[in-house]
Amino acid sequence: MAALLDVQSVAKAFGGLQALSSVSFTVGAGEIVGIIGPNGAGKTTLFNVVTGVYPPDRGRVVFHGEDVTGAAPHRVCKLGAARTFQVSKPFAALTVLQTVRIGALNRIPDMAGATRKALEVLELMGLAAKRDEPGRALTVMERKRLEMARALATQPSLLLLDEVAAGLRPNEIQDMIALVRGIAAGGVSVLIIEHVLEAVLRLSGRIVVLNHGEVIAQGRPDELVNDPRVIDAYLGEAYSLA
Amino acid sequence: MIGLDVILQAGLSGLFMGSVYALIAIGFTLVFGVTNIVNFAHGNFVMAAMFVTYLLFKTAHVDPYLGLVVVLPLFFGFGALVYALVIRRIVDAPHSAHMMVTLGLLIFLENLANLFFGGDLRGITTSYTTSSLVVGAVSVPIARLGAAAVSLAAVVALALVLHRTSLGKAIRAAANNPEGAALVGIDVGRVYRIAFSLGTAAAALAGAVVMPFSLVSPFVGGEFILKAFVIAVLGGLGSVAGALIGGLLIGLVEALSSLYISASLGNAIVFAILIAVLLYRPWGILGQARV
Amino acid sequence: MTLAVAGLAIALVLPVAAGPHLLTATIVALHAAFMALAWNVAAGYAGQFSLGHSLFYGIGAYASTVLYVRLGLTPWAGMFVGALLAGVVGTLLALGVYRYKVHGIFFALVTLGAAEVAKGIADNWAFIKGPVGILLTMQHAPRDFFFLRREPYYYVALVMLVVMILVSLALERSRFGQFFLAVREDEQAAEASGVDTYRYKTVAIGLSAALTAFAGSFYAQFYLYISPDTVLVFEPQLTMMLGTMVGGAGTAFGPVIGSILFSGLGEALRNLPFLEGTRQVVIGSKMVYAVLLIVVLIYLPGGLVTLGQKRA
């Protein structure tokens, strides 16, 4: 079965800094794949390359069997890959509804239909009550939800989440885990960058570990937790899922 | 065929005016580099100084160069006032607000001058307005030579301040990284105010020294600011050395092209160059490409 | 809504009651409001702060005028040709410029440069009479958009403005308009949400350019003289910007309010009945306007249209 997303030996440098060197991995349909690694490992750069914010220096990105290397972000979104940003980027002066509706307009050409879809997604994300609030009036947590709502409204087949659990309280993390599980259950594959290990270890079927722009390990969460390379690079002491 | 001596004469004239343009552009680019604000009214600061110099000469027979003793501190203070009253409040606003507010300043100053002096062009005639030194095949107008010399001296002085004094260091730090500068104890607001005042004073100096050989009206500001834009972008926004090179270049281009084509066409070419630089090399001659 | 209807009702009967000076002032206000709304399409809705819209204004003025003078084409039709031409020029300009990803002040300066280049070319183009300009005759020729009285011009300007307001309102509620807003708010986020920002920025400029050209044609027919020094200078750009920014960019009524205040009132002041001191009054009023502009932009960044809204 062909992978949904196939990242092949992608490399990217900024001036003298090699942010990514020969990164390869796949995401299959119905999977939740986690990406972990210390700060500066190249995780967000990877997202940017995959979604077309900038092209890689080398390598290919294949999505739904189509070569999207260096394609414009809006095209990648049209093909079915939607992403959130690590620091949320709400449309400050637009209402929550307007914001999500712009995502919905990705697949739904008429305003009425897009509005309906947007309201649907707002319900799902628990933001329905805030539909007429401008983006700038939202709390950090609400902005994260708005990011996800907007991305979901584009009706993606692959959702790329960039540290959605950062800064959340323990109960909020559980809510987020349930939310992402629900999204995946709805047929959307997920590629999730996460620092909050509890979230990523619980959610992911597979994990890719990045360090210094390289993939140093890939595998199931339970395999990796005891992998000395991973512990050495990232986890410090042995970490247990308690 | 235009003779070599005519070309040399034009070239010299171009370099003289270019030095003054450079000074004006440096004032502009300094403010942008430090505060990130595009001051559309910068050209009108030049105009205002020209009028003050004109007044001093007409009423008290004060020579423009002597008048600098009054003009420079006056406009340094004026810059500080404008910063405190207006500029300070829009530093964090979007670029569109910068443009509109400084346009408002432009309109205010233009009409203030119009109210007091009327719309006609005015000039002064000093003892050296028409004198020239003859050096070989070219004649060197004293007034323009003086303007260029003083402008270049001011540029050097400014460069020294920026690179050899602690104030200069603070300015460069605030320009580079305002948050970082604040964290190490630099009063960023004060630095911004001083940078703006320096920029205003630079414009004023240029205005004073061109008065002996130029005409002023409330509407000359537009020409100066447009040239400042082109030069600052050409040299790299925020780069003092770049504005110097850009100013001399533009002065030369302007003077030499006037030998062959009309002024308006020459103007069009200068702006075509501006567009090309903005598209292909927006960081200018001396700027650094940013990823 | 009721305010708008009331305003329209007053506007319809105004010429009956107004004297020639007031009538001229309102024509100027309506014309200014139209062009402000045209600029607003690019700058207010799509966030593309152009400083070069005089280029499109000039294309409109020259296209309809030259077509009339040289080919006898009625300016009623020439107006549309001008709009098409301006739209094409604007689109090509945008296609070229946006490829290089220019933003903010750099974009503003490119557009300013383009307008300056156009003026320089126009000053040296014999076909359009260069700096001398083109003079039109005041005549009674309604089929060719010439009237002897002011009232018809008033109604034309009114219709143009009403249409422009409706276009703006329709745009706000359309898919297009929402994409414009997204581009304005955050280009990167818009791209990530499937919005082709390159395309929509270009469309915004092209549409705005075409609409601005109509205003240029009206100018030619009303003032009966055009030249590079009247239509290709910064003046029209300033009018558009002032009205929009003071009134409230990104709204359908903000630019109208701003233009009535700035251009309409300004024109009315210019023609005050008393003879002495008028010059000082006019200049003084411009200074007051400048201060007003600065004050509004600092304390009411959303424009006058946000007055009375609770949120800061």
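By written order: A, B and C. Residues from 1 in each chain.
By definition in this document, a residue touches a chain if its C-beta (ideal position, glycine included) is under 8 Å from a C-beta of that chain, and two chains touch if they have at least 3 such contacts.
Bear in mind that the values here come from a model prediction, so they are computed numbers and not experimental data.
Centroid distances built from C-alpha atoms place A farthest away from chain C.
The pair of chains sharing the greatest count of C-beta contacts is B-C.
For the pair chain A and chain C, the distance between mean C-alpha positions equals 44 Å. Separating the CA-averaged centres of chain A and chain B is a span of 50 Å.
For this pair, chain B with chain C, the centres built from the Cα atoms lie 31 Å apart.
Interface residues of chain C, counted against chain B in their complex, comprise 43, 49, 51, 96-97, 100, 102, 104-106, 108-110, 112-114, 116-117, 119-121, 123-124, 131, 234, 238, 241, 245, 249, 280, 283-284, 286-287, 289-291, 293-294, 297-298, 301. Only residues 38, 86, 89-90, 93, 95-97, 99-101, 103-105, 107-108, 111-112, 114-115, 222, 226, 229, 233, 262, 264-269, 271-272, 274-275, 278-280, 282 of chain B touch chain C when the two sit together in their complex.
Those residues of chain C whose C-beta lies close enough to touch chain A in the complex are 173-175, 178-179, 181-182, 185-186, 188-198, 250, 311.
The part of chain A that touches chain C in the complex is made up of residues 51, 53, 72-75, 77-78, 82-83, 85, 89-94, 98, 101-103, 105-107, 109-111, 114, 134-135, 137, 150-151, 153-154.
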